[in-house]
Amino acid sequence: MNPTAAGDTAWLLTSSALVLLMAPGLAFFYGGMVRAKSVLNMMMMVFGALAVVTVVWVIVGYSIAFGDDVVGGLFGDPTQYLFFDGLVDVESVELPTILFAIFQGLFAVITVALIAGAIADRTRFGTWLVFCAVWTVLVYAPVAHWIFDFSSDGHVGGWMANQLHALDFAGGTAVEINSGAAGLAAALVLGQRLGFGREPMKPHNLTLVMIGAGLLWFGWFGFNAGSALGANGLAAVAFVNTLLAGCTGLLAWLAVERVRDGHATSFGAASGAVAGLVAITPSCGTVTPLGAMVIGIAAGAICAVAVGLKYRFGYDDSLDVVGVHLVGGLVGTILIGFLASSDVTSVDGLLYGGGADQLGKQLVAAGATLVFSFTMTAAIVWILDKTMGFRVDADHESSGVDLVIHAETAYDLHAAAGGGGRPHFGGGGPN
Amino acid sequence: MKMITAVIRPHRWETVREALELLGVTGMTLTEVSGYGRQKGHTEVYRGAEYDVLLVPKVRIEIVTEDPEVDQIVETIRNSAATGKIGDGKIWVSPIESVHRVRTGESGAAAI
Amino acid sequence: MNPTAAGDTAWLLTSSALVLLMAPGLAFFYGGMVRAKSVLNMMMMVFGALAVVTVVWVIVGYSIAFGDDVVGGLFGDPTQYLFFDGLVDVESVELPTILFAIFQGLFAVITVALIAGAIADRTRFGTWLVFCAVWTVLVYAPVAHWIFDFSSDGHVGGWMANQLHALDFAGGTAVEINSGAAGLAAALVLGQRLGFGREPMKPHNLTLVMIGAGLLWFGWFGFNAGSALGANGLAAVAFVNTLLAGCTGLLAWLAVERVRDGHATSFGAASGAVAGLVAITPSCGTVTPLGAMVIGIAAGAICAVAVGLKYRFGYDDSLDVVGVHLVGGLVGTILIGFLASSDVTSVDGLLYGGGADQLGKQLVAAGATLVFSFTMTAAIVWILDKTMGFRVDADHESSGVDLVIHAETAYDLHAAAGGGGRPHFGGGGPN
Amino acid sequence: MNPTAAGDTAWLLTSSALVLLMAPGLAFFYGGMVRAKSVLNMMMMVFGALAVVTVVWVIVGYSIAFGDDVVGGLFGDPTQYLFFDGLVDVESVELPTILFAIFQGLFAVITVALIAGAIADRTRFGTWLVFCAVWTVLVYAPVAHWIFDFSSDGHVGGWMANQLHALDFAGGTAVEINSGAAGLAAALVLGQRLGFGREPMKPHNLTLVMIGAGLLWFGWFGFNAGSALGANGLAAVAFVNTLLAGCTGLLAWLAVERVRDGHATSFGAASGAVAGLVAITPSCGTVTPLGAMVIGIAAGAICAVAVGLKYRFGYDDSLDVVGVHLVGGLVGTILIGFLASSDVTSVDGLLYGGGADQLGKQLVAAGATLVFSFTMTAAIVWILDKTMGFRVDADHESSGVDLVIHAETAYDLHAAAGGGGRPHFGGGGPN
Amino acid sequence: MKMITAVIRPHRWETVREALELLGVTGMTLTEVSGYGRQKGHTEVYRGAEYDVLLVPKVRIEIVTEDPEVDQIVETIRNSAATGKIGDGKIWVSPIESVHRVRTGESGAAAI
Amino acid sequence: MKMITAVIRPHRWETVREALELLGVTGMTLTEVSGYGRQKGHTEVYRGAEYDVLLVPKVRIEIVTEDPEVDQIVETIRNSAATGKIGDGKIWVSPIESVHRVRTGESGAAAI
């Protein structure tokens, strides 16, 4: 193997593992946020997305995203790499293509899993799995093609990357805006949870939220610095920026809370870090550390305010996918137009003397993703709801989806309280 | 002095509380309990085997009150706690010989 | 240092850290599954295994496994690398041998720790630590020698790898079948828990189970892709296969549950992913992605059925080490005979036109491991039980091993319920 | 890029991510140890430290630590790399300097966060954030300069590394002794918690403690083996030593408990592993595996005894930062004088025939760090307490800092107990 | 009407429930409680210091019943809950003045 | 026979227990309960909105005792549980018709 490629491969293997870990991380982050009666269902939605999206990606998703363009930069040839056909090369002398392919597949997983947060506590698990498959094919893979598939010798890629020349280092459009817009559409179509706006519905386990946030942050280094596709100076800058934006996002969110509510909450800390990480995702390979700090502050502060909008406008985006991922994704994608630095990437942003040109491109990319994702998702969710049924009965919703769908309860901690036996009460044996 | 004890559905407590507040009842003590009765609990599955959980979560409310208030309070709880489905719960009334406020040492009606 | 070796070393350092993380991962996976009164004991068994097995491995285990063969491919010279003597080479120009040695040691750790799941809730901690040491020397190290120690210039290795030519990329025999057979033996010798078959004994904390499953999956990439011993195309294929088999294992298990019980459970999702990962362990470096998907489906479905056997046959394999690791290990090891592809490894399996030859070798390796491990473990556990006592008193078992052995309880969450003070009740001060 | 540098970069990227993960790891380790009424505050202190210290490090900390020496090896030029200015080099052909800079920044994060354990349950969050910033600048950065900043062509570094020639591979002085001495000072200045010495104040969630311990151990490989700054033989030895010392530390602590109290606890297992890891931090790149085992045993046993001293002397080091990090750091730093081996590092220790010379240097480094850190911290905490107020009111302390400072409670698990609804009782809506 | 309250060992509840079912008792309310009495709690160790936990987990059962049933129910609970070791618990009987079913508003015997 | 029920602040239990021990009271049953009364609960913030938690954690103590002891026990609880601030709780006394020890079958005073 080409020796530099060995180092690059080592880092991309690691990055892929890190991105995989974001799935459980998200499961815990979201799982801790819902009420105790639906934590298992929430974790299942994320693990289910991991399983379904990966399989669909290997079968057909990768081909749509990275196959040779079929028409106008819109999507690739779906049959090109069926079942990763032809990607196996154990003697590869360069960074193995199959590794790139699976790294990208894990991006699809996270994107789809994020949507679950918008429709927590009230969806049918079976329909959700179908949604994961359909959405990967019809929404994620095309958008990934647009922005991530660069043309090369003998290969034609997507329109945003190659014609528009929008910058998106690790997924502000395809991942963040895409999932956020989809979450909004899904939440609107499925409607509010029972009791939305009246009951607090606060996180049932903030330690679990923090475990999720910690793993997400850790995994995000794979997501962002891994997107350099090599172990090099660009990866290092992306790493530093990812760390910084998470930190300033956290601090900005807490500052907003402290001023507005009088209290800085741990839930705010977790949310702020994630908001900063979301916004730095497209921009980590395009700005300097100073730019990253600014982006984190902007995202933390703006998202802290944005999460309140759902009460104002009445869409029940249960776990704030819109407020954090759509809004944070927009912040990061658009701020590239201001803060991009030619020390890091190919152009300078408005504030670095590069003119408004790049800003325009960023707005087009963000807007196109938002509109496409929202429309397609609304249609998909609506059709699935009419055909298979996407929402559980009101009765079941108030009993809790864990019990009704999965016939399980998450916690049975009483034994710990004491020594002898335990009031399990439950009685009965297998029947 | 009487003790009114009510075992009701957990999610009705808020309604009961509001109804009692209108009546002027400003104090009560709540306990999380498990009820066993006509209403059946749920089924859980574990490694392919089904287990019946026989108990249903309920809330037990205790209110110390003066004798003349009893009927009205019982009636109010009944009306605000009922859903009409099996498992709405029970209310019972029992005699109390004395009641004391820990803070001040007051007894009787003054202690409630 | 040889530049390619730097990349390989980076990946093997990472992989080793990932495999280390599987120990806590397993502690949480298992810890969440037991009742609240024995979660600490379960976690201690795993952490204890980590400590004891590592030390024993460094002192003598590695030498038995990878020292020059002493007799007929059965075991290596136990004195060759006492205390890793002679393995320290800070100027190494190739992949450092000491790194390979510790990577292999962590495999021993996981194997031993897995056995704890079969005898949960009822064992003495001191005896368990002794068991860990003895079993590593008498069972794990020899089997590792058989299958993992390849002969080379001036070095003679084990019989399975060099005479039989069975394929086992990352431990279907030495790790999975070995631990599963040992678990069966130990569960049979120690007998059922009080109440087995009558009480549900269901997981006390499914979020903890999922945390464990998430960390295990993440760590498994080190286990499997790390077994390529380099950052290269083979590692990439192993990585992809590991991901895929976990995903299809999860889906297959859920499908079985949905059809059989009417409900797909989160516990099933975690178990199914692990079953898929178990089965792909031997095969991740020998099959194509399509093969990996098939192996995952087979393992998920078969293991979902197999975990019920303990009720039928009455062995109390508490956390399904037999149903998942023995059965899953057999599935993966044997399916290599059908699905091996010369695109990935040295031979083709039956379905790829390679004849039944390899299948025969796989059956011999699987069978030999099973029989050896079962017999030896039964003897070791029986002797330890007669001499030191391996099982706690019935009284202690029903009080819970946490309290009796460790004088601890896992949870004391009440304070959270409210503000002022907390009904700790406990009273007393140090006495 | 220089091909070996690609491998080195891959490993340092990974190591940096691993060290980042130590922050959440520490949050859970500490968070599980406090009572349920202050777990959120404890996690916030750690996440807050991560955010503030990172930002301060990028602005000015790195310059003080690794800028050109201003006076006598005491500190570097604070303006040299303001905002990581000039460190961005996406085309770097060697290990990127910005990566080294952020790796070091994460060491600062961990060091500061550790101090939180000494003053748990009773501090104001706002003042804590200010403390983090001030302490990073005035204490951490200078000490890091002393010991970590090696002189090179055209660059003058710190006195311990370049004049004294003390050995500290990964932070026995700057990280462990430094945080431990600071913790002692802070605990003394702020005073005991209400009820200290009378109430048990035992960990509220030992599974959370174990999750923290597991993540810490995993992350520690980045900390220690990453300090080799490359993927090479030295990193491999550091890795092995880190694993071994954690294992023997765990066993030694349990042995002390078993003999002294009759019970080996899970809390002891977690603490023992950490004690071993602390002690091997300075020494992992200077001793052989045998030496690492000895250091782990010494640290585990000595720290197990040392944690009891707070009751004897009455300083309320709530989570044993002194007993584990100060004492463990001293053990590791000093034992280098005995156990250093020229197979691994530049000199031999006393037991390897190298004379008492190195031992003297180690004692000077340890002593200087201890005295400097203790004095400075006492002054900083005292001043912050007098000006901003560092401790919460007694009333608030007994109500619990989570509720009072963050207006949150960590757990609301009841729903799980049952199906329909849940006695949230809470009532009220937004007001 | 009487209220029978029994404080028993948690793991005996299942046995008690079965025995009562044979007797025709189909409703009761359970509470997890902590008992303090002759039976001592366990010891926990923390950082080398031992702490006595003085309380023992128990289950408290409440059964509203008609007067004639009382003796038989008390006897049945006693027999099914006893293990013969210290800590088996207590049963006490107290008067109830009225009982109501929330769902229907029925009172007295009809409400049980 | 009487039943003394006290609802007090959780962190006063230890003091109450010690005071009662001096008096010779060696048995009681405790329940974690939530109190609703003059004392107000805390406020939690979530996503910028404030929520009042109306309930305050309390401990409920039940002591079965012979008639002559009642006054002294009530007095002792009152003195040891009081802090003087709103929310100290209530004590009430109710009649018991019989009491039984599960282990031995003893009744009346012998069963306590």
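By written order: A, B, C, D, E and F. Residues from 1 in each chain.
Heads up, the rule we're going with is that a contact is a pair of C-beta atoms (placed from the backbone, for glycine too) under 8 Å apart; a residue touches a chain by one contact, two chains touch by 3 or more.
Predicted, not measured: the structure shown is a model, and the values here were computed from it.
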| item | value |
| --- | --- |
| Other chains in touch with both chain C and chain F | A, B, D, E |
| Where chain B and chain D overlap in contact partners, by chain label | A, C, E, F |
| Chain pair with the higher count of C-beta pairs in contact (A-B, D-E) | A-B |
| Centroid distance [mean C-alpha coordinates] between chain D and chain A, Å | 32 |
| Chain centre separation (chain A, chain F; CA means) in Å | 51 |
| Computed distance of Cα centres, chain E from chain C, in Å | 45 |
| Sequence positions of chain F contacting 2 or more other chains | 11, 17, 30-32, 34, 42, 44-46, 49-51, 54-55, 94-95 |
| Where chain A touches two or more other chains at once, by residue number | 3-8, 10-11, 14, 39, 200, 202-203, 205, 211, 215, 231, 261-263, 265, 267, 311, 398-399, 403, 407-414, 417-422, 424-427, 429-430 |
| List of chain B residues in touch with chain E within their complex | 2, 6-8, 31-38, 54-55, 58, 60, 74, 77-78, 81-95 |
| Parts of chain F lying in touch with chain D, wherever the complex brings them together | 11, 34, 42-46, 49-55 |
| Residue ranges of chain D in contact with chain A within the complex | 1, 3-11, 13-14, 16-17, 20-21, 23-25, 27-28, 31-32, 39-41, 43-44, 47-48, 50-52, 54-55, 58, 83-84, 87-92, 96, 98-99, 101-102, 106, 125-126, 205, 208, 211, 215, 231, 405-408, 410-417, 419-422, 424, 426, 429-430 |
| Complex contacts: residues of chain C adjacent to chain B | 200, 202-203, 257, 260-263, 265, 267, 304, 307-308, 311, 320 |
| Footprint of chain F on chain B - complex, ascending | 1, 3, 17, 26-31, 64, 94-103, 105, 111-112 |
